[in-house]
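Chains: A, B, C and D, in written order; residue numbering restarts at 1 for each.
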Amino acid sequence: MDKPLILRGVSRCSTRNFAAWLFPWVVLLAVGLFAIGLCLIAGLNQTNMDNRFAFGLWIFLDLAVIALGAGAFFTGFLLYILRRDELRAVINSAVVLGFICYSGAVLILMVDVGQPLRAWFTFWHPNPHSMLAEVTFCITVYLTVLAIEYVPILLKNRQLRKVPSFLAFEFQLHKVMPVFAAVGAFLSFFHQGSLGGLYGVLQGRPFAFREGFAIWPSTFFLFILSAIATGPAFVLLTTWMVSVLTRKRLVEKRVLSLLAKISGWLLIVYVGLKSIDTLVWLNHTAISTGTYPIRFFAWQPFDVWVLVAEIVLLGLVPALIFLSPSRRQSTAWLVTGSVLACGGVVLNRLVMTIQTLAVPTLKFEPFLMYWPNWQEVAAFVGVVAYGVILYSLSFRYLTLFPQERDLQQR
Amino acid sequence: MFPGIYDFTWTAGHLIFLGIFYAVLLVVVSTIVVAVWRAVSGHSSRHAETLRWHTDFEDLPAGARGCRHELMGRVESRVCENGFDCRHCEAHSRFVEERGGLPVCGDSRVAGFEVPADRLYHRGHTWVRQEEDGLLTIGLDDLGAHLLGRPDQVSLPAVGSRLTANGTAWEAVKNGTHIRVLAPVDGEVEAVGGADEGWWLKVKADCEPSDMRHLLSAAEARPWMLREVERLHLAVAPEGVGATLADGGMPVDDLSTAIPRDRADDVYGMMFLHP
Amino acid sequence: MKIDVTRRDLLKFAGGAAAGVMLTPAPWKAIDDLAIWTQNWSWIPVPPKGPVTKRATVCSLCPAGCPVEARCVGGLPVSLRRLGAADAGALCTLGLTGHHLAYHPARLTAPARILHGSEGSRRVPVPLDTVMGAIVREIGAAGVDRRVAVLDMRPGRSVSWAWRRLLDSIPGGVLIPSPAREGSSLNALEAMKGSGSYGIDPGNARTILSFGAPLAEGWGAPESTYRLLGGAQRDLRLIQVEPLLSRTAQAADLWLPARPGTETALALGLGHLLLRGQAGAGAGAADLEAYSALTERFTPEAVAALTGVPAALLVHAARKLIENGPSLVIAGDDAGTGRLGRVCETAIMGLNLLLGDAGRSGGVVARAALPAPFETGSLAPEVELDRIDDRSIGLLLIDASEGDLPMPWRVMQRKLAEKAVIVAISPYLAGTTERADYVIPSAAYLETIHEMPTPFDSPVASIRLSAPLIEPRVAAVDAGEFVRRIAAAAQIDLPEEWESSEWLMKARVSRIHESGVGNVTTPADGAVQNVSELSSADGLWDALLAGGHWQSEREEPAASPYLLLGGIAESRWLAATSDRAAQLTAVFHVPRDVSASAAVSPVVTKIYQESGLREAERVAVNPVTAQALGLKRGSRAKLVTAAAEMGVSLVTDDAVMPGVIDVQPGPTATALGVKRKGEQHGLFDLFAADEEGAWRSMNATLVEV
Amino acid sequence: MKRTEPKSRYGMVIDLDRCNGCGACSAACAVENNIPPAQPGVNERTGLTSMRVYRASNGRAFPDHRTVYFPVSCQHCGEKTPCVSVCPQNAVDVNPTNGVVSQVPARCLGCRYCMAACPVRARYFNWFDPEWPEGMDRTLNPDVSVRMRGVAEKCNFCHGRWQAAQAKAAAEGRREIDFADYVPACVEACPAQAIVFGDLNDAESEVAKQASGSTAFRLLERLGLDPKVYYRSERAWVRRLGDTDFAMNERQAARG
């Protein structure tokens, strides 16, 4: 029925099956929008956040998806700037993923702030000392860039391409794409870092505070590293998931193992620096503020295992998997590695967001824990659903994996 | 800083911070403006045709983009980079110098399809024949003709309208599939025929004598035709099952009947070079 | 000419238009307006504007009657502060937020009938005459076995006299001062001294032994609190007897954590020590032998065993009382601590007499009564609740027109006859008023003139008037007028011609003026003026309405013999000093800031709901006790007393004595004015008075559910 | 945002030996600053208490158990004030003349970053629209505007009263305000007069004297944020409660 929209020579499931696949996601999206509506109309009292947990599930997951979304800019950076042409096979998918991650994050942020209608004040009278101002600027501009990068993929749709002016535009965009790749890379390096800085600068929170270089705390650099290290892993993971779901070969194996290799090298560097940073923090930074760092982990939900898991199990292990050429040959290992790597960055963002706030600063304050309520979960799941839907549509009607057709015909 | 902000003071921080980011914003905006401007200004129907062919060609499956010189075995395997336009392909002229001109010989019947030697062939299954009156006759080659059979609907260009090589020559609908037949040459339409006449268009070429280097000679066309038939098999039954037509036997004169309806779109797309 | 519009033209046009609009102020103005809109949501209240004025009045929310300066905008008070010297302390939370009370959600707006159902009660507006009808019917049926009683939340006001005048003409009519009022234990003195009216003089005391009085939490005049906590040189020493480290015990110099219910033994134990420690102690007592015989067995060791207070501490406390005089011993009774009962109060007041400070400044002092508003002819008696026979009251009129004192209802309930009718006149439907069958709205604080007669802790007779600042927001009925209406309805003719409380107050003031005694102090400037110098009664009235404070001169004590044991039979003494060590005891304890009034400002949620500084409706035990009972913090448990049983969620607190269940009823949601339905009366119901009229502690059991 | 050292530093000293946790300061703050009463369901984690009293103890068992009350408002940090530096759009403002840190609600977008940054959690978020019982809005203080839902707020040493005092000084032709005219609500309301307020830079002032006393201390001093709210107590264990090495015990954890 929708065949005229689908690229010739690739096989796609029937419209009915596609609808059946979309349906549950549409339902989730609807529920999510309802929850979002509640929060916008009745206010944030609809969430489980409180004065201690001023940041909750939303901020944590925003940070997580933005880190994973780094795959977009970093792949673009490797492709257009460092000219790794193999990556052309996944760039479209990466761009769409990035767009989904960032637009989703921004959407949730708009719900998360108490006065969304004033968000633009940051552009009107910004505070250059605030990491958050930096993040706001970068993310908004970068989201625009992503949107622009999305356009050519969209215009290549089999029906849209019939409009001559669209084709002309697509053609021109294609020529200037490296500029956007460069700008995107610049912006991303900055805001990924600033997101880390967000916590590193909190001098009032010994758990989060880090020393650093110039105006940037160490977390600034660690966030960049962890983001670009797991970005490719996430691209790898999603590519694999899509090919499993659609039962298709989408890219040549060497592309995946290349992604893994890149991810591996970056991860090993990250793990190294992260360990050093942790040691400095525990033995110097925290001590110098008069706190006993062991107390940070004195409470059950956030035991020392969190630290170990983050650095070793979800950092070192995937790095080693990715760095062994033999392992890189097996899809199973690649997927395991990516899952671990992505889990690592997510856990790191959880620790920085939630544990930072769970640990008390005043002696007569208790440790506190926070659990999101259904509105928060629903809102986020809704955004995930939005992502799945957008990706599914893109995959069905656009060319996300240029190699797919050839691999299929071979 | 901006109007109406009480007690806001400029600092070096602001200058650097805002400097950087509004610069970035400027880059983004100006780039996009340039792209739009170029797209709008450089936009003409003719240009559009070439553009479309370029993008389409990019998206053709690698199998459909093989260089003509593979056909004569002058090169192992090579994917064309010029959108089948050998006129400005230095590789082509190099090949020609190295290996000299083309032998004109061989059986005019390939895999049950006529490939007469008196004409030149375009990869979009059209042929071009130079007439005495200086005009060029354009028609569908045997395979093309068999594929199209008697179209359900045809829209031919108006007499006097221009053709662009690799642009649209005429359009037809067969078995509910929309087909664009690519024009082999640049020129102006003088007369229109149809399936029954055996030719479709008579064209007055732009350049006199018109440059036909980009078209296949019969000699090349024959191995090419073989390939095309294989591609057709593949297209009709990608899993390699089902009736293989034209295996030595006479082809049914309307192949389209042999094409499963649900594959028609793919098949025509592949044979007439639409991605 | 023909114009054909292509798609391209349209695109161009759209693009151009978009770009053009960006250059106009329109979009920027739009978002700016949006932002401004978020700052001016129509549903966000806007503070009233108007001329700012300062008005002086007197806080009528508790008997202390603090002088108050109200900051008014457009004539309406927006904040209150205490007038006068800083060393007089500041307003308590209740007083500080008093100007909110007129707008309290629990405010009564019209006479109503309250239908009590199984789940909550329903309010049905009725005409005043219906209420009168019910009252008259009961008055008709009145007799000694079915009394008509008035529960007076603020005895001593002019209107109290009006009530007694009315009740005098009704068989069995009696006025009952609220047992929850501050200083009620002073009545024990009357029995011991035989006659006269007494007050205490904490202002001049240097040591105070308090049996649980929340002295550092606003009990009595704020001066005491200030002297304890804030005084530049703390010149007041406090010995606090309390089974938990209350905020007062925290501020005390000596804390005697005595097992609840053993206060009598503790008092007699101290008596034992005073008799031996101080020459001539109890010389004036007619029953000194009996007393020393009784206290003989209450050696420090014996008392220590009974009360759990180390003997050394007892001795130390006794020495402090003797050495650091003048010393004062108070039973610490108010709506927040509950009553200790007649026997215990007698034992405690006995200590004052032993210390020989009856009449001495800084101790128990004899003080003149305020002049009545009219010639006291025959009046109905004023009887303490514990002296009323059980099930004898047929009609109970609750006069809470000055505000209601929350107390365990069962204390009152046992005195009510079958199908007793209860009518309450009160500003709020809260506290005891919630138990009434008929309610009548009265004016709230700052809505009308309120009378502040002598507070219990004043050494001299005194009167203050609280001047109104707000127009009454409801069709309020005035208590004096109410009495008059009842009389009219029941064809009782009263000798005096009052038609309102104001008439009665004016009458009282003019009789004060006639007497010519005492002086008026203006708190703003501290100027003192003798009554004799005032030309007219109206002058005095105006001075009082301007926030003035009238005080009489000090009385000379009557050196009559007294009874240390108040003529109470030994059996009752023994019963009151029985060993409680084995039992688990629930102790009644409402923080002062919510015990003095049944309705408090909604912003008190800052303390009870929003900060966790204090938990509302809390039941706390020592962790040790919890462990012994196999309970954990937050675990649900069933708390059972002789009066009731209910499920509670447990809090553990090291400040509570092991073996003690600290029960803090209130503040209820109604009291806080928080929207909530299905409101229970809660933990108050766990307590009931025993034969001695005591309800501070109850034997209890606590089991996990 | 280079901050020149302010001429005067307004601050307070809170005597913990006097405070017995009555909470009057909290209530007075609410009355003065038009802080609405709690909505149903609001708890100690979502409440609005710009001046908040914490109950702390020496952690010992009965009868040696002793409690102390910490009235905690914004500490008005002087050095790299955390909330000021993190706010993305200058909604937190430091008064250049007296160092008082105050929130500009009309500029706040409610990102709550400042709350995450505040070590003493003295910043609160308006989770609800402000609401008073019917009619009670006539008792609102005209000098303080009501904050809308979705913005952060905090103690600003009763800015409204400061302005009034300035106006008075100006009217009387004085350049300096008289601290008799400028007493924050909590200071005025304390029944024990436990809070002293004034200019810490004025060596003669009571507040400066007490702040420099041997028994004075500040909360989390070692974070190096130079707060302008001091505490004092004769009891050593109370002073230790101000340290950064937060205690950890099960009962506290259970509160979570």
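Things to note:
Just so it is clear, a residue touches a chain if its C-beta (ideal position, glycine included) is under 8 Å from a C-beta of that chain, and two chains touch if they have at least 3 such contacts.
Since this is a predicted model, take the numbers as computed values, not measurements.
When chain centres are defined as mean Cα coordinates, B lies farthest from subunit D. Of all chains shown, the one whose average CA position lies nearest the global CA mean is D.
Of the two chain pairs considered here, C-D and A-B, the higher C-beta contact count falls to C-D.
For the pair subunit B and subunit C, the distance between C-alpha centroids works out to 97 Å.
If each chain is reduced to the centroid of its CA atoms, subunit C and subunit D end up 31 Å from each other. Centre-to-centre separation of subunit B and subunit D, using mean CA positions: 76 Å. For this pair, subunit A with subunit B, the centres built from the Cα atoms lie 41 Å apart. Counting partners per residue, subunit D has 1, 46-47, 54-55, 90, 129, 148, 150, 254 as the residues that reach two or more other chains.
Annotation for subunit B: residues touching 2 or more other chains are 8, 11, 13, 36, 40, 43. Each of the following residues of subunit A touches two or more other chains: 115, 118, 121, 124-126, 128-129, 133, 165.
Against subunit A, the residues of subunit C that register as touching in their complex are 7-8, 11, 31, 34-35, 37-38. Residues 115, 117-118, 120-121, 165 of subunit A touch subunit C in their complex.
On the side of subunit C, the complex with subunit D involves touching residues 38-39, 41, 43-50, 52, 73, 76-79, 81, 86, 89-93, 96-97, 99-100, 102-105, 216-218, 222, 225-226, 229-230, 245, 247-248, 250-251, 255, 257, 473, 593, 601-607, 609-614, 622-624, 633-634, 652, 654-658, 672-676. Remark: subunit A residues 43-45, 49-55, 112-116, 118-119, 121-122, 124-133, 136, 198, 201-206, 288-292, 295, 298-300, 356-369 touch subunit D in the complex.
Those residues of subunit D that touch subunit C in the complex are listed here as 18-24, 26-32, 34-35, 37-38, 40, 42-44, 46-49, 52-55, 57, 60-63, 65-67, 69, 105-106, 129-142, 144-146, 148, 150, 185, 188-194, 251, 254.
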